[in-house]
Amino acid sequence: MVCVISMRNKPRLKDPVLIEGLPGIGFVANIAALHLIRELNAQLFAEVSCSSFQDFAVTVEGGQTRHPINELYYSKGTRGERDLIILYGNTQALTSTGQYELCGRILDVSKELGCNSIITLGGLKREQQVEQTRLHFAATDPETATQLTALGAEIIKGHIFGVAGLLVGIGRLRGFRGFCLLAETLGLYPDVEAAQRVLTVVDQMLNLQVNLSHLEDTAEVTHKLLKNFGLLDQSQDERKKESEFRWFI
Amino acid sequence: MVCVISMRNKPRLKDPVLIEGLPGIGFVANIAALHLIRELNAQLFAEVSCSSFQDFAVTVEGGQTRHPINELYYSKGTRGERDLIILYGNTQALTSTGQYELCGRILDVSKELGCNSIITLGGLKREQQVEQTRLHFAATDPETATQLTALGAEIIKGHIFGVAGLLVGIGRLRGFRGFCLLAETLGLYPDVEAAQRVLTVVDQMLNLQVNLSHLEDTAEVTHKLLKNFGLLDQSQDERKKESEFRWFI
Amino acid sequence: MVCVISMRNKPRLKDPVLIEGLPGIGFVANIAALHLIRELNAQLFAEVSCSSFQDFAVTVEGGQTRHPINELYYSKGTRGERDLIILYGNTQALTSTGQYELCGRILDVSKELGCNSIITLGGLKREQQVEQTRLHFAATDPETATQLTALGAEIIKGHIFGVAGLLVGIGRLRGFRGFCLLAETLGLYPDVEAAQRVLTVVDQMLNLQVNLSHLEDTAEVTHKLLKNFGLLDQSQDERKKESEFRWFI
Amino acid sequence: MVCVISMRNKPRLKDPVLIEGLPGIGFVANIAALHLIRELNAQLFAEVSCSSFQDFAVTVEGGQTRHPINELYYSKGTRGERDLIILYGNTQALTSTGQYELCGRILDVSKELGCNSIITLGGLKREQQVEQTRLHFAATDPETATQLTALGAEIIKGHIFGVAGLLVGIGRLRGFRGFCLLAETLGLYPDVEAAQRVLTVVDQMLNLQVNLSHLEDTAEVTHKLLKNFGLLDQSQDERKKESEFRWFI
C-alpha cells in the first residue's frame, strides 16, 4: 500500500499554505498544528496511512482503538486570513524511504488543491535551559529568508531531519516556496513556550489572528495523545525491546 | 510480488466476520482459529504468499516441504451462526511494511466478499502465572466496547503489536467495525486455556456453538506445526545467527 | 527495477526441469550447475539483474568487469534426456524480500517455457568431516519423496534457507513439483565430492548421462569466479566493514 | 516515489558519453565532474530525487535550504569534443537497492539521449601517502582495457563499490561500453591531485581540452558544499547517533 490517502472531500481553497505539524522534538509542531485546527475550526478532509508507519494499535479511553495516522485539515479564511492545509498526526514514517513517500504524497495532494507554499515547524534541541527561546529558520529562497530575519529568526546551522526538512527540500524541487521554523527547546515534554514562539511568527506572516491564550490546554491534549502512543516516558531501549517481539502480541 | 493471493474459489457469504488467527504470544489466536476451522469444517479458499515472509522451507513427516504461508478459510452458518472468514497461517510478515501490505490485502479480499466486521485474537503476556486468565479488548467503536465490557473483558492498556492491532486499526479506516481480544498468558507454549477463554467470548457473540472439548488436541497439532517452523524452543540468538547465513544453505 | 530479466531468446522446450545452482554452502549447487552447463553445452538465454543484489563490480583477468548476476541456460535433450532450464549465477538476493522477488520471476519465466518441475541443490553444513557424504532431501509430494528415499537420500531435518528452499516452497504453491537435494559438506570451500553426490542422483532421475570425470576442473573454475567476488577467504567482519563504506569507492 | 527525474528539457546530443561524478572516497569524481561542468559550461537539464537518499535538509549561506539531490548536465562539443552527460550531486543512494534504482534510471535517461558509453570516476583508498598517484581501471571490454593500459592505468584488484561499479556493471548488461577509473588517494579530504589525474586521462580519451589550472578552486567549492552536508569532519558514530533520532527535529 505504501501510502494510502483517503479523501473525505476535496476542499476548494485559494492559494493555501501547507503547515506541517507532525510529532518531533518537544512536539512543538504537533502542539502548534493542533492549536490551529482547534482555534480555526479546521476541517478534516483526508487521512493518510503508510506501510512505513508502526504496525500497532493503542487503546484510548472507553477501549476504542487508535492507530498511527496522518491527517489533513483545511481552514478557509473568512476575515482575510490565508487559506490553510494542516498536516497533523501521531507519527512520522519510520524509514527514510517512507518519509520520502509520505512527503511526496502530501505534496501531490497539496499541489492538486492549488498549494505552492509550505511552512514546516519544529523544535531545535538544546541541552540546557535558555533564558529566551530563540527561533531558527531555513528558507527555499532569499526573499523568504529576509522576511524571517526581519521577524527575529536566525539561520539554522546543521541538518534538519525528518518531515520538516524533507517537505521543504523536495517541495522546492517541485516549485513550492516556504520555510522551516524551529524554536529552541529542551525537547523532553510537549513544549508550550516553543510552540507559542513559532505560532506567533506564523500568525504574523499569514495574518491568522489566532488566540494563543488556550495553548496550554492544547499542549495537555497533545501530551495525553502522545502518551497513549508511547512517544513519551519510554526509553529507546524499551522501544527496541518491544520491536523485537513486534508481532508476538 | 509483495503479497500474492491465490484464490481457489470465491465463496458467497452473508455479512461474514473476519477472524484473525496467526501465530503470536501463546499462539492463542493460532489455536483458536485452527479449532474453528476443524469444528466448523471451514473450507480453504485462498492462499497468501508475501515477500516479507521468511525465505525458507521446512520438511514435515514423509519429507514433504512446508513453507511460510497464510490461508483464508470460510464457514457458512447452517443453524443461524454468522458466516466466517478465518485467517490462518504459520507466520506473520517480518517487517512492519510487510504487515501493512499483508493486512491491506486481507482486507481487500474480505471487503470483496461483503465483510465489514473484524475480530482479532491474541495473548497478552504476563510474567507470572495468574489465578484466573483475564480477557482484554480494544474496539473500533463505543457500542462494541460496551458489549465486550458486559462479557467481562477489560480495556487493553498499552500497545497492540502485529496483525491483531493493525487489522483492526487500518480496518477501521476502511469502514470495518470490530475488536481485538487478548487473553492473559505466560506465552511460552501454545496456551489452551487462553485459547478457550477467547473462543468462549467469540462463540457467544457470533452464536457459533462450537464444541470446545477437543481444544487440547488442536493445541497439540498447533504445537507440532510450529515446532517444525522453529517458532518454538529456539532462542532469539539462534535465529539471528541463522539469518546471517540465510542463503548459505 | 526490482528484478529485470533480459531474454536473449525464448527456447522451445519439452516439459523441462528447472535446476537451481546458485552459490550457497560448499558451493555444491554452483559447481553442479556449471558442470551441467559445460558438459551439456547448455545455452545462455536470459540474464537476471535484481536491485537486491550487491551494489558493486569486480574485475577479472584483463581488467574487464563482472557484476552480481543470475543467468538462465537451457539444454535440449538429444538422446532421450530431459530438457533442462539451469539457473546459474554468482549471487543470491541479499534480503528475504529480494529472494521472494527473484524466485517469483524465475518461476514466471520457467512457467512460460512449459516447466512444471524443480530441482534445487545445495550443501548441508556439518561441523566435522564425515566418512561418507550423505544426501538429504525435501519434496513437494509423497511420490517424489518415495523416489528419493529409494535412491538413498534421507529426509532433511530443519530449515532450508535461501533460494533452494524458497523455489520449491513457492513453486509448490504455483503447481510445480520437485525436490531440494542437499549433500553433507564442511562448506568451507567449493566441495567437489558433495557436488558429485547430488549430480549422480540428478543424473539418475533425469537420465542425463553427464560425464563427471572433469568435475574437479569445474570446481576450480567455480573457486576462481567466487574468489573474484569475495565470496571466499573473507570473514564476515571484513564484509561488514566494507559494507559500511559501501559507496565511498 | 523511488526515483523521480524532473527533466527541464531534453537536449539533442550526438553519441554522448555519460560521466559519473557523485561523492565518494577523496571526492575525486565529485571534483572532476564539477570542474567539467564549470569549464565546459555544461547545462543542467534534469534533477533526480530518490526515496533512498537521506531524509534531511541543510542550510547554506543566507539561510536557504539544500537537500540531497543528483543532477544531470549536458555539454555539446563545439570544437570536435565528444558530447557529454554529466551525473553530479551531493549524495549516492543509502541502500544497495536504492543504488540499483538510481543507476537504472540514470541509464534509462542516458539511453533515451542516444548514450552508449559510460565513464565512472573515483578514488582508490590508500593508507599511506604515495609518491606518485597511480590510476586503476576496470573496463566493459578488452579494447577499452587495452586503451587504458596504454595510458598508464593498471587493472583494479578487488571490489568497486557504489555507483562507480554499478553503473558500469548494469550498463554493460544494457549494451553500454565504458570503464571505471580510480586514482589512488588518502581519501580524507577532497583530493585535487587525484581529480587531476583522472581528468587528464578522460580529457585525452574524449579530446575535451579542459583547462585544469583552476582545479584547486573547484576542490574548494566541493569542500564547502560537502561540509554543509556533513559529509566531512563527522565521525560514523555521530552520524549513527543522529540517525536514531532522525525524525525528532
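Letters A, B, C and D mark the chains in the order given here, with residues in each chain numbered from 1 onward.
FYI, a residue touches a chain if its C-beta (ideal position, glycine included) is under 8 Å from a C-beta of that chain, and two chains touch if they have at least 3 such contacts.
On a predicted model such as this, the values are computed, not experimentally measured, just so you know.
Chemist: Applying the touch definition from the top, give me the chains sitting in contact with each of chain B and chain C.
Modeler: Touches both chain B and chain C: nothing.
Chemist: Validating interface symmetry: for the copies chain A and chain D, is the fraction of residue numbers used by both over half? Same or different.
Modeler: different
Chemist: Measuring between mean CA coordinates, which chain is farthest from chain A?
Modeler: Taking each chain's C-alpha mean as its centre, the farthest from chain A is C.
Chemist: Using only Cα atoms, superpose chain C on chain D and state the rotation angle in degrees, rounded to the nearest 5.
Modeler: With C-alpha atoms aligned, the rotation comes to 90 degrees.
Chemist: Just give me the whole-number Å value for how far the CA centre of chain A lies from that of chain D.
Modeler: 36
Chemist: Calculate how many whole Å lie between the centre of chain B and the centre of chain D, each centre taken as the average of the chain's C-alpha atoms.
Modeler: So the centroids are 50 Å from each other.
Chemist: Of all the residues in chain A, which ones touch at least 2 other chains?
Modeler: none
Chemist: Kindly provide every pair of chains that touch.
Modeler: Chains touch in the following pairs: A-B, A-D, B-C, C-D.
Chemist: List the residues on chain B that touch chain A in their complex, please.
Modeler: For chain B paired with chain A, touching residues are 22, 24-25, 29, 92-93, 96-101, 104, 122-125, 137-142, 145, 148-149, 155-166, 168-170, 172-174, 180, 182, 187, 236.
Chemist: Considering only the defined contacts, which chain A positions touch chain B in the complex?
Modeler: Residue positions touching the partner: 1, 4, 6, 47, 49-59, 62-69, 94-95, 98, 230, 242, 244-249.
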